[in-house]
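Look at the two complexes coming up: chain A is in both, with chain B in one and chain C in the other.
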Partner chain A sequence: MNPAGELLIAAEWDGLGVTRAAARNSRPHAAKLLIGRSVDEALALVPALFTLCGKAQGLTARAAVAAARAEPAPDEPARIAAERAIAAEAAQEHLWRLLLDWPALFDHEPRRARFAELYRRLASAGSGGAETAREVGGQLLDLVAAELLSGFFTVAREPSSLAEFASRARRGGTVGAALADLLEMGTHSPPQGMAALLPGADAATWAAELGGVPDEAYCRAPTWQGAPAETGALARHHGSMLVKLLIDRGHPVAARLFAEVVDLSDWASRLRHPLANDMPPVLDAAPLGEAAGLARCETARGVLIHAVCLEGDTIADYAIVAPTEWNFHPAGSFAREGSGWQAPDPETARRHLTALVLGLNPCVPFQVNLAEAGHA
Partner chain B sequence: MCIGVPMQVVHGDAVRALCRGRDGAEAWIDLLLTGPQPPGTWLLTFLGAAREVLDAERAARIGAALDALGDLLAGRSADVDAAFADLVERGPQLPEFLRKAPTS
Partner chain C sequence: MCLAIPARVVELAADDQAVVDLGGVRKQISLALVDGVVPGDYVIVHVGYALSRLDPEEAEATLALFREAGELLQPGSAA
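Right, the complex of A and B next:
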């Protein structure tokens, strides 16, 4: 059994479109490993387990424990360092998708050298000083303006049609070309409508919503006010003019790709100006009852929640609610948008399904298995 | 919740290496982010690519954490304490010559 888990997509194409698509998510409920351990052991274990998002996971775990112990909030230098580390990690994850995965899906050359160069600089920026972070933040903004979205910066008005949107996107390098290809695949308004988008809520609001450390069933299929919701770049940027235009014109998958580029700009801004007044905190925490605390952290893939209950110096209960479980909830965004749309051939169907999964940005390896009706 | 897997380089070239996991499974790993690595080097891998170079101690710690997670998933009662015996970051220790209190 793969301890890291995986996401298996099983879909069926009937000659006209995809009639059925289901996601099986075997991502492990790793928080169980923390229960019964001392706080120090648990805090050491978290970054060892979640090595690829270790900064966000480790800092969120510490913040949740601090809230449970009613410790004062970290001072400003510590909060600045935390925001830079989380922003650098988030930008790395977005670059992986934007420069490697999305171009490859549409047979465009992945930007491997550019990706490697920026990834390494972000690794040093996350643990380095203010100057390094400002510099790499500027490089990311340049990347967005000059290489990803250049076609949208040269004309003041918004595109008047999807054809014009695609044409402008193509002026933006391989990511723009992938976006244009996605648009030209056609409209895919989900017949059941899109899932709700998770609102930006602070840790105190989350603590009030959850009322205590959530159980494993909640962590596997989380809900906001009783309903599934989508988290991630689209939830954060659905109000952005061009993202909204894509949603309104029936292109939620393209909207997610565009929102990811906008989101990369936000993380770049956080690297340059952490704790800015016009942006919500990336990480905060709140008490969750007696000897319990909750921390909320924004990550590239969406909101990450850690909730902990202590008995002295021992972890009595622990829960992690991660973005993948929101977006691949049995009644969530993938379930609503994965089926019920037209595709002229299996290859187009597979590509569209893969784009949907990429846009929902799972944190585990995924595989799309498409069967033709009658051959499943 | 991105979980990377430590693998050790068996042999390779400038762009990829055949790597072996702690369970003996082998896979070709992209070295875009790390550059070429000599045999024996531990790499943190995810989706067929090396994310970073690990020292042997960190590779063992991550491996132990994944073993325990695998046991948990398989329904086995993982010997978590044994798996993580050396995992906890101990506080910094004073050098020997500073540990004794001054006698005068």
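Right, the complex of A and C next:
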């Protein structure tokens, strides 16, 4: 087992389709490392604990502690800097999937040099000034239009059918090619339906929902109003016309890929125009009872929640609810969509499962192990 | 949210590649996302890429923390 955490997918193919698929998530519960430490020590530790989303984790921890201490909200320059840092990090995460992982899944050449170039620019944009952030945000929007989904930017009207959608996707761009390949793999309507999508709730709503610092069992299998829910790009953009078209026509995995591109564009916009009135706040916080606070942050993979309870300057309790635990909940999106579909051969089955995992976007490395029924 | 366990750079190779040692296991990674890495440095690695470079003191402190907390971090262990 990878000590840093990993996701193991065990599935079975019976000659016709995938009959069983289960996800085992071994991600360590790192919030335990913070309990008993001084607040300053814990806040210094958080960004260094996590491989991905270290900036979002660090800023969310600070916001949760500030809420527990009933401190006033940060001033506008601080909120702008936070939004830029979170947006740059989220865009880096999406580029990893869109330029490396999705093309590779469909045997298209991963765009390693372009990825490295943009990743580095985003690293400087996240900590740099407004001009750098605006420039990199513009480069990302150009990337979407000219290199990822160029087939969608040559005709003004929306595609009127799925066939036209696939044709547009195939006409240009690395993601477009992967999207068309995905559509050609066929439709899939999960027998139990898709999981609910997590609504865009603010920190105060989350504080009311949780009622206190949640325990480890909740953090490992979180629920919204008692039921599992999906977080991430699809939850944020399910109302987008083309994403909705893909869901309605039985292509939930393709909908997630398309939603990820829409999401990348949103993060690019946040880099260019932070704190825009027409977008929900990326990070906010609320009190969670006496000496306790909760912060909510949007990340590439979905909603990140930190909840903390203080005793003076010491962390008495701490919880982190991360996106991977929502999407790979034992009764969540992966559980519902991982099995019960047709695949003519093991390679198709493995590719479909991998696409589903990429669409649900875990924050840990993953492996798909497919056994053939009767040969397990 | 996987844990950021520092890996020590053992040797540099052509094309921005390097060999790192993580708890006795060696693997080849790309240095395309970070600058100025030399053998002996520590890096945070994710799926074949070094994402950031740490100074040795910071890396040793993090490794010591994870060693101390090894049992605590296992899924399902008591808080």
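Convention: the second predicted complex is superposed on the first by the 374 of 376 C-alpha atoms of A that agree within 3 Å, B and C clash if a C-alpha of one lies under 4 Å from a C-alpha of the other, contacts with A are read in each partner's own complex, and residues count from 1 in each chain.
Basically, a residue touches a chain if its C-beta (ideal position, glycine included) is under 8 Å from a C-beta of that chain, and two chains touch if they have at least 3 such contacts.
All values derive from a computational prediction rather than experimental measurement.
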Are chain B and chain C a fit on chain A, or do they clash, once the structures share the same frame? clash
Taking the superposition on A as described, I'd like to know which of chain B and chain C A:141 touches: first, second, both or neither. neither
Once chain A of both complexes is superposed, is A:41 in touch with chain B (first), chain C (second), both, or neither? first
Taking the superposition on A as described, I'd like to know which of chain B and chain C A:6 touches: first, second, both or neither. second
By the touch definition at the top of the document, which applies to A:324: first (chain B), second (chain C), both, or neither? both
Quick one: classify A:51 as touching chain B (first), chain C (second), both or neither. both
If we overlay the two complexes on their shared chain A, which of chain B and chain C does A:220 touch? Say first, second, both or neither. second
Between chain B (first) and chain C (second), which, if any, makes contact with A:66: first, second, both or neither? neither
For A:201, is the partner it touches chain B (first), chain C (second), both, or none of the two (neither)? neither
Residues of chain A contacting chain B in one complex and chain C in the other: 3-5, 27-28, 30, 32-33, 45, 48-53, 57, 112, 116, 119-120, 123, 320, 322, 324, 363-365
Per the contact definition, I'd like the list of chain A residues that touch chain C in the complex. 2-6, 25-30, 32-33, 35, 45, 48-54, 57, 96, 112-113, 116, 119-120, 123, 216, 220, 320, 322, 324, 363-365
In the complex with chain A, residue positions of chain C that touch it: 1-5, 23, 30, 32-33, 44-47, 51, 58, 62, 65-66, 69-70, 72-75, 77, 79
In the complex, chain A residues that touch chain B: 1, 3-5, 27-28, 30, 32-33, 37-38, 40-41, 44-45, 48-53, 57, 93, 112, 115-116, 119-120, 123, 320, 322, 324, 363-365
Under the touch definition given earlier, write down the residues of chain B that touch chain A in their complex. 1-5, 32-33, 44, 46-47, 51-52, 61-62, 64-70, 72-74, 78, 80, 84, 87-89
